[in-house]
Structure formats: C-alpha cells, structure tokens
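As structure tokens, here come the structures.
Shared chain: subunit A. Partners: subunit B in the first complex, subunit C in the second.
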Partner chain A sequence: MLPVTRRPAWWLLAPAIGLVVLYVQQYVPSLQIIAQREAAVAASALLLIFSASLVSTTAALEVGRDRASCGMTEVSVRSKIEVVAVRLWPCLVAGTIVQMSGIFVLLDKAGSAPDRFPVLITVGLLCALLFHAGIGVFLGTWLRPRFAVPFALALSYLWLGFAWSFDFVPVRYLAGLALEGCCSPSETVDISAVVALIVFSLAGFVGLVLMAGGVDSRKLRPRGNRNWLRLVAGIATLGLGTSLGLFAARDVGVNPVVARPLADAQCSNSVPEVCLFSTQLARGDTRHVYADTFTVLAARGMPKVTQVFSISGDHEPVLSAQGVANVVAAPGQSRSAALESAASTFAVAASNTECGDDVSTDIYGWSEVLKVWSVQAAALQILDSEEREGIPDTSFLELISEPGETDFAQQWQVLSGFDEQSQNDWAASTYRQLSQCQVPAQLGVGPR
Partner chain B sequence: MKNIEISGVDYGYASESKIFQNLDVSFLPGRTALLGPNGAGKSTLISLMASVLSPSAGTIEITRANGNRITSRQLRKFRRLVAWLPQDFSPVAGLSVMEHVMYAGWLKGMSRRLAKHEAPWAVHAVGLDELSGKKATELSGGQQRRLGLAGALVHRAGVVLLDEPTAGLDPGQRDRFRRILATLSDEHVTVVSTHQTEDIDGSFDHVVVLVDGSIRFNGSVSEFMNVAPANITDPRDRVRIAYAAFVEGEI
Partner chain C sequence: MKWALNTRHYWLIASVVIVAGVVGTVSGNVDLPIPFMSALLGTSTMPAPVIPSLVVAIVAGGSIQSAEMLWTFASVRNVVAHSMALAAAVVLLVFVVSSTTGILVGDSAVAVLLTRDVAGFLVLWSVSRALGIERFASLVPVVYLLIAAIFARNSLGQTRGWAWILDRDLGNLWAVYTIFLGTLLTLLFVLRRRSLLGGAKGPKV
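On to the complex of A and B.
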C-alpha cells in the first residue's frame, strides 16, 4: 500500500547495518565472546543504540505523517491499530534486521560454540525494539514530526543510557542494554533479567500505543470518553508493565548472570582433578596444563591442590582451605595463558587476605613477586622454550615499585639468582607470611 | 439512491453553548449547496455527517447506516458510504499523487488491489493525471484540494461531503473545481458547504441555508431563487437576494 521506496526505515537500513558491523568489529573484543553464543548474543544488547533509535525515529516519522495530514485518517474505515500496524511494520522489520545483523556478526566473531543459540535473550532484545516503536508512535502522535523525530531519538538514547546507570539495579533490566554484562563460560544469563525486559517492553508498547490512540488527529487533547479511557488504560498498562518488570528483576545483581551448575562441568581424570565447562574446552583442552602446574608447584613447596574449578562469583574463594582452586579459564586460551592462570592462584589468594591499609601495598608487591616466581617455576618444567617467550612478565613489578619503598623488580632479580631449594623455601614461607598479613623480609644479594 | 437524514441532533463544543439543538434536516440525491455565513455551523454539520464529530443527541442516518452512538463496526459501515473533503485538507507527506489516492482508498476499506485499480480513475476524474508521479506535498493549493477530492472519491461513496472546496482558490481553479463537481453522478448525495452564492445557479440542484445552527431554507434551487422579486432577472442577483433574505431577513 505504502510503497517500499517511501518508507524511511528502508532508507536507513543500510547505514544502520554498516554502523552495527563497524561497531562490532571495532569495539567488541573477541575474547569476551569466543566460543560462547550466549555471550555473543548478549553483547548485541549494546547494538540497541542503533536498532532501537532506528525504530523509534522512523516510527515517529511514519505516524507523524498521518498526524500532520488532514482529511485522511479521521474518517478511516480501518481501525487505528490497523493503520498503526501498516505504518510500523517496516520500522520493526528494519530494526530487527539491524539487530539480527549485529547478532550474526557477533556469532561469526564467536566462532563455533558448544552452547545453544539463546532464543530468550534474542526475543528480549527484539521486544525492546517494540517498546521503542511505542515511543515513536506516542511522540509521532502527540508532537509535530519536526519535534517528534528528534525527541524520539533523544528519548530512545536517554532511556537506554540512563536506565543502565540507575543505582536501583532492576531498572537497568527494563531497558535491555545491561544484558551486555552477560555472560561468561562459567556464568549464564539470569532469566529474570530477560523476563523483566520482555514484560516491560510488551506492556510499554501496548501502553504507549494506547496513549497515542487517546488523541484525535491534530487535536492535542483527548476528546470523548473513549479517548480518555484509552489514555488512562495506556498509563495503567505502562505502570503495570513497569511494576511487573521491576518485580521480575528484583533479585538480579549488577551483572545479569547466575553461576552455571557445577554438575555441567567436565572433569579430567588427572590429579588434581580439573573441571571446566564445555565452552572452556571448545577451543582446546588445557585441563592437563592446570593439573601439571599445580603438581609442579606442590613439588616446589606450595600448598597441595586437590581439585580445580573455574566458577565465577566473588563469594567463591580463589583457594579454599580444602585445596580447591578456583581459576580463570578463557575459551581458546593458550597453554601459557592456562599456566599463568593456574600459577597465579597462590599469589592471588594471598593478596586477597584483608590486612589493613598500612601493609597492603607491601603485601600486594610481594604477592606479585610470588606470582612471577610461580609462573616461572611452572613454565620451566611444563612449557617448551617457544611457549615460554615473554613469560614471566616482570614489567608490572617495576610499575608498583616506588622510590624510597621496596624495589620489587630488584627483589625479583635477587630471588631469581637463588638456587632452587632456596627459592622453594622463600616461596613457601612468603605464601605463609602473606596469608597471615606478615610482610616478608627483603632479600639479601647473593646465593643462599 | 441514498438520503442523509438528520433528526434531533444536538452538538456543542465544551467551551461554547450548543451549536445545534434538535436539528432536523435531510439531504437528497443530487448536488446540494450548504449556504450560510461564517460561524453558522456549516463545517460542524459537514463534520458531523462525515462522522468526524459525534452528536451529543439525535441521529444521522444514511439509509440504514446510522452515524451516531454506534458500534465500531457500524461506524465503519457508515464511513464506507461517505467521502469527506475538509476545508483544511493537507496531504500525507512522502507519497506521490497516485500513491496518496491509493492510500486514501485503503483507509476507506478497499483492498490494496482494488485501491490500485481504482486510483487512476479518481486521479483522472480530478484532472491530475499528468501530476500522478509528483509528490503530493509539492502540489499547489488548488491541486492539493483536487487531490483530496480524488482521495475522497476513490471508493465511490454514495455521499460526498465537501467543506468549502473552492475557498482560497483563484477563479480559474474554482471554475475547474465546479466542472469536476458537475461530473459527479446525480445519484450521489453531494453536499458542498460554501458562502459563494455565485456558484449556485447551474451547479447545484438543492440549497440548504444554515444560520446560527438552524435551517432557514431547504429546497430546490428554483424554489430558493423564487424568493427574490420577479423583476430581478439576473440569476446571480436572484441568488444573492434570496440568500440575503434568509440570512438577514431582508430583500
């Protein structure tokens, strides 16, 4: 009916897709999403700034065209819903194409992955587009097009941006952009966050369209009981959707994630036992590197580790008293990265001890020296010379060494000159001291 | 053949006293000039008949389709029978002339296919064939009015309501509009509100005079002109005098 060439959504489709592709290539790091479909699709939440603004502005323009005319829609045989639907479908289809293009590019960047395509997150993001279409319909009806279009763009951006920075966390999930914080190999999306987005978006769309239907063309106030009823029903629906959305997201944290059940992890038959999730194994199995690293370091005097997990969550200790280590394991990581992750466990566990401000700088510095030593000690036995290139990285020790304070880079130089047994003794005692908030003594020069 | 029967209609804007109280009037098939001074209620009456406004009491009927206090389905049925061109018609931006008329047809309940089929006829009827590809918003004022008429006519409604269609047009465009009106079938009920009395003779079959919300005259053009003294022979003068008689009560 309305020709394709006259629909603004189609004009803006190609530039919007171009922007989305450029944005993904430029600003979304592969490491964040590699081998994880769920994380890739969740990362596309950021792309709502393009797709949602396309939908809201074109919807405002389309609806505004009918509003600015006179003598056409006032005596329409078609219902308002039907007219709005004819106006909106290209906006929604174009927005969906833009969002899905971003998702496809991200999935391509993520590569093959063992997890399933996250349908619910996708549905949530597409529902968010509906809400922005509602913004366009509402503003396009209540304002002249010259005001409605920029206001729709501004309102879409403000809603996406401000909702994300709201201190009251559940509000963030009504807008959808905060889903970008999901997910990781050891964390999956908190469904409550997506449910909040879907409920609010659907109710918001219906509410805004009802409110738009509360005015007659070019009359900026409702006339007649039916229009007042529409306006009140629209406000009520929007309010109800907001309440239900906030209720659904009431327990969701700053990141919309829940830990994956440990039962989903795949454990090795090694000692120590290493359990990683399927996404962490998708680009190569590094479980034996973790096992070998902890075995080597135990032989060098560090505490014995019996089990290794990679489960996120601040409440999980890096190393428990029972010898359970919680490590970071990124999909596709190299053997040297796996070794660094495992070898850092003791230093990180020690530096996490609450020791007070007066000693924390020294504790931190010594834990970094311990980390460098652990990495080197394990790398020399596990990695070949090519893999050891750049390991251990000691540049950070120079950064944390301040004039007049302990020179940790120099201390590392001294330590590396010690024989193996002396190094082992130093490491064991340093780990013990750091765990008890004691600052180790500075090392003297020369062999011990 | 359809009549418009208006019975006992009350209407008033919230801030004003009632414009119509217990208004009774019928419009017969053929072309009717709805005359009256500014503020007489002509546009309001046209809007009521077009179902843009709803009366607070009374009924507006086109044969058996009733335009007052009815269900959405009945309203849609009523609107299918009516074509309306408001005084301040303005086209939908972004469409060509032909697309605009097709969209108008679709809004009037025609299928896409039928609207596409009928639009060229309507565009031709108002003489806009050569401009059919031009953007509707780029037309002149007179051309836009004709475009509005094409949009109103495209679904071949039985009742055509035109509110001051020639107001603000230059004489050439007014004449063109009159010629288009003359082509409308006598079987249509065509109501044209105007205060230009020179248009009456030869262009219309009936005259209704509306003053201060009440009907002062409703009859044929010849009956209307017979009010003027017999010694006045010029038809335009006779119309002018008759109109003054009903509006101002003097000859």
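On to the complex of A and C.
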C-alpha cells in the first residue's frame, strides 16, 4: 500500500473538510434547514464543489502517475478495471468523507427533525462524485499531468457551476447542484431529479473510463481498432446516460420538489381547523395562534375562514371562495410571526387579484394598509404586550409612499385614529373593493 | 536550439490564444451566474471572458513548463527568462487578437478586461513557480478562481476586493497590485533562476 504522502487524496482531505465547514458556517443559514433533514442534505449539494473538485483533481493526479511511469513496452498484468479501481478508491473515499462531513455539519445545524434521513439524495450526491472521478481518469490518461490536473479541476467546476444555470431545466439535474433547491416543510424532493443524477453519473463514469481506455497510448488520437472501439463505446455510453438522465428529469421544475400530500398534515380540533405538517410543528405548535387570528378577524368583519393549511404550489389560492386559507408556516416561528402570517392572508389574497394594467398601483399600497390593520387588530387581542413589540411594522408603508402621491403611512395614521366600528367597516369594505380591483377612497382626517 | 524552442508548442499556444481571444471578446459582455454564492444571497455573476482566459493560462503555462524539462540545467541561457518572455508575449498576443476582434465586432472595451484576466492568471502561475510550486503551477490560477467563486461574497452580498477576477471594474486596485507585485516577484525569479524560497537551482524536472 502506498504511504499517505503518495496519495494526494489523503493529504488534501483535511483542507477540503476545513473549507466545507467554513462554507456551511458562512453561507448556509439555519432558517433554511431548521428541523428538516431532507432540506439539510439537499443543501449539501452545494458542497459538491469541494468533494467533486477533490475527486477529479486527485483522480487525474493518480492516473497521471501511471501514465508517466509506464514504459513504452510495458504490459499491465492486471485488468484495466482493476488498475482504475486501485487508483481511484482513495479519491472516491476522500470525496465521500468530505461530502458526508458537510452533511453531518448541516444536520447538526438543522437540529432534531421529525423527517427521516434522505438516503436517496445522499446516494445521488455520492454518485455524482463518480462522474467527476471519470473526468479525472479521462484527462489524466489523455493529457500530461501538467495539463490534465488543472483541466480536471476547471472542468469539474465548469460542469457544476454552469449546468446549474442552463435554460433547459433537465440539464441542471445531471450535475446535481440544482438539488440544493429542495426542500421546504411543505415540499419534498422530486425523485425524478435524483434518478436523473444517479443514471447520468453512473453512465458518465463508465463512459469516461471507457474513453480513457481508448486514449491510453500517450497519443492525442487513439491507435488501433480496439482503442477506437473503446472511445466510440465510451462516447455512446455517455450519450446514452445523458439521454436517460434528461428523460428522467423531463418533468422536473426549476426546483426539484413536489408538494407534500395534505393527508400527511396534522390537523387541530379548533375552529377553524388548522392543518400543518410535522416539520412545521417540530419547534412548537402555533396552530392555535392561526385559529385565534382568523376568529378575531372574522369577528371584526373580515370573511370567515373554515380551514387553514400550509401547502406549496402556485395553483393554490391564498384564500379560496370556500374560506380555505393557505398560510406560510415555518418551523420555529414565533407566535407573532404566526399571527402576522395568518393576519396578512386577506391583504395578500386581495393583492393577488388579477386587475390588468389599467388599475392604479395604489391598489397595492392599500392592501399594505389593510395588512397592517389586520395584524394590529389581531395582535391586540391575541398577543401580550411583550410579544407585540414592533407590531405593526409600518416601515414598508413609509417606503412605498412617494412624494406627490398617496401617503399610505399618513393614511394608516388616520385609520388608527378611528373608533373600532369605523375601522371594522373600513376593513370589510376595503377588502371587498380590492378584491374587485377598485381603489378605496382616501380617508378623511378626524374621528368618524 | 531550434528543437528546444519547438518543444514549447508555439503553434498550440498561438491557436489557443487566437480562439480564446475571439471567444472571449465576442462573449465579453456576457455575465455567467455563479451558483455557490447566488443561492442564498441573490444572483452573483462573473464576466464570461474569465473562462477563455483560464484556458489560455493553463495551456500556456503547461506548454512553457513542459519545454523547460527538455533544456539542460547546464545551459548558459537563462531558461526561466525565456519562459517568462514567452508568457509576456502571450499576454501581448491576447491583447492584439482581442483588440482586432473588438474592432470587427464593434466592441473594443473587452480587450483590456481579457488581457487583465490573462495577465492576472499568468502572474499567479509565475508567482507559484517563483515560490517553489513547480509541477502544478498551472493549478494555482484554477484554485484561485474556485476560491473566489465560492468565498468572494461578504455578509452584505458584496464581492470582496481580492476576488478581482469576478469584477469588471478595471480600476480594481487588488487586480493592479496583484499583477504589479506578481511581475516584480517574477523578475526576481528570473534573475535568481531558482525558487525565491530556496530549493534547487533551475526548474525541477
């Protein structure tokens, strides 16, 4: 067995792990992955830049060593597969250790979670390392190490970095980095994206190793029919893997996610009924806050809500005609955050109304005023004084109040001076008007 | 002598410079998204000419060093000086090709950016050699680009100065200082003919 100093994979392992930890600590916020193992492991797709770079570079170095030391008339007594395996295992093991280190750091950051460890995503990410090992093997065999090693690193980076931004979305899933877009409390991974990654990576590895077999005569072009055959077989395998991968990912969207079935949600016994997923409940149950908020707002004249859930999907309305509200609920959110999420439902639903280009943009300003009012009205009855600190947040109203146009911050001041019944009447009529694309009238100064 | 010079693969270097110069100039105003910094803090990009510049640096650096292996240590000529003169010629050729292409496509501004990037990468390569990283000096520019593309953004989402390669601003002082100090170290390396941090005389073979 070669000593550690002769295996670049081992002495590059520690710096690679160090960079992984540094990257996770600096760039991956806990909020994105809190209480979600699936999201934590998917976020580790970004760390492929470290593990895959390590694998491709060290593979090119290892194979390049064979290329440089092989004599003109030397014949290997071991099969080509055996030689490749002996050269590659430290690279692949080191890459796996780096990737798994990143996953463990992210899981630690995510904390305890109700969902299971996503084995399939992990397998997919580790398979991606095989493709990069293939890049290293091919370049290390074809070119001198002086060219092969930097090109292997550059190619790995370019593949990971730029496949991610292809307009043709299925290509993104062949590189694996786009898995980073998964997942959220209401969304789970789209298995097709991972299958595409696995199929492409395995076929790509086999294809690149076959191609390397065809160019191992230290010439830029293959010599002999057998070598040409290997090269063609390698290219064909690579092409087949690409086609299968693209076919597998043909229906995957920009984010590799599918909505969790509502049947998985846990519903409360309250009125309205509030259904949240186990991940959303992992850091505290805020379902009663949602229920109380809608009850309070119904008593103040807003439409009655019968059911509340939190699911993803653009096709799901924020508030349906049947009184079903779709809210945002993140694990670990505070009571005040839950209240704001619930109370802003009416304003968001009103501002989502498609009004065409003819309607004044003031409609969005008024929906913001309605939102501030809803949050204030619910907070006064549900939250205690400490929890109400910073509520309502009127900074956005000041931001959207342009000189010479409607001063929404001032309109809010006027509205908050009204008595309770007047405020209720204003809110109910404003919601109705906004839902019909009508701009509410400006408020007069003084109590009504 | 002629044989030794031919080992530098002049034609390979010239071909790569011409192709990269044309591609880099034509795509000069394109910005490529960088996922490692974009995912969480908004979109980050790098100028497209960075990629052809990197290819030029790898090919030129590798070819120049490969040729040095064939020169004897006892040569009375300063082999390193020859190598660095060729690297400077590569930078000049990039500028000429890019300027010419720029005139043809009606955009001459990219030539300076492309030349800065090639010069910057080659300076990193030559400094690596000056500091004793002989065999994989061409790896250093790639590692720099990688680290810049991963760690360049601060918590405010701004690009840090040291990642000048991602910055289109030609007045970026980090780039100017890097190229200036790198050239200075390279000149010392040329005069000394061996690594500035000690080591054997002449390049390792």
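Just so it is clear, the second predicted complex is superposed on the first by the 440 of 448 C-alpha atoms of A that agree within 3 Å, B and C clash if a C-alpha of one lies under 4 Å from a C-alpha of the other, contacts with A are read in each partner's own complex, and residues count from 1 in each chain.
Just so we're on the same page, contacts are C-beta pairs under 8 Å (C-beta built on N, C-alpha and C of every residue); 3 or more make two chains touch, one makes a residue touch a chain.
Everything numeric here is computed off the predicted structure, so don't read it as measured data.
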- Task: Would you mind checking whether subunit B and subunit C clash or fit side by side on subunit A after the superposition?
- Result: fit
- Item | Which superposed partner A:Phe162 touches (first subunit B, second subunit C, both, neither) | second
- Message: With both complexes overlaid on chain A, does A:Val83 touch subunit B (first), subunit C (second), both or neither?
- Response: first
- Item | First (subunit B), second (subunit C), both or neither touched by A:Ile363 | neither
- More subunit A residues in contact [subunit B versus subunit C]: C
- Query: Touching A:Arg144, do we find subunit B (first), subunit C (second), both, or neither?
  - Reply: second
- Based on the superposed arrangement, let me know which partner A:Asp66 touches: subunit B (first), subunit C (second), both, or neither? first
- If you stack the two complexes on chain A, which partner ends up touching A:Ala203: first (subunit B), second (subunit C), both, or neither? neither
- Minimum C-alpha spacing, chains overlaid - subunit B and subunit C, in Å: 8
- Please write out, lowest number first, the residues of subunit A touched by both subunit B and subunit C across the two complexes. 145
- Query: So in the complex, which bits of subunit A are touching subunit B?
  - Reply: 1-3, 6, 8, 65-66, 68-79, 83, 86, 145, 224
- Message: Residue numbers of subunit C touching subunit A in their complex, please.
- Response: 32-37, 39-41, 51, 54-55, 58-59, 62, 65-66, 135-136, 138-139, 141-143, 145-146, 149-151, 153
- Per the touch rule, the subunit B residues reaching subunit A in their complex are 50-52, 54, 72, 76, 79-80, 82, 84-86, 88-95, 99, 102-104, 106-109, 112, 115, 148, 151-152
- Message: Which residues of subunit A touch subunit C once you look at their complex with the stated criterion?
- Response: 19, 22-23, 26-29, 32, 46, 49, 53, 57, 144-147, 149-151, 153-154, 157-158, 160-162, 164-165, 177, 180
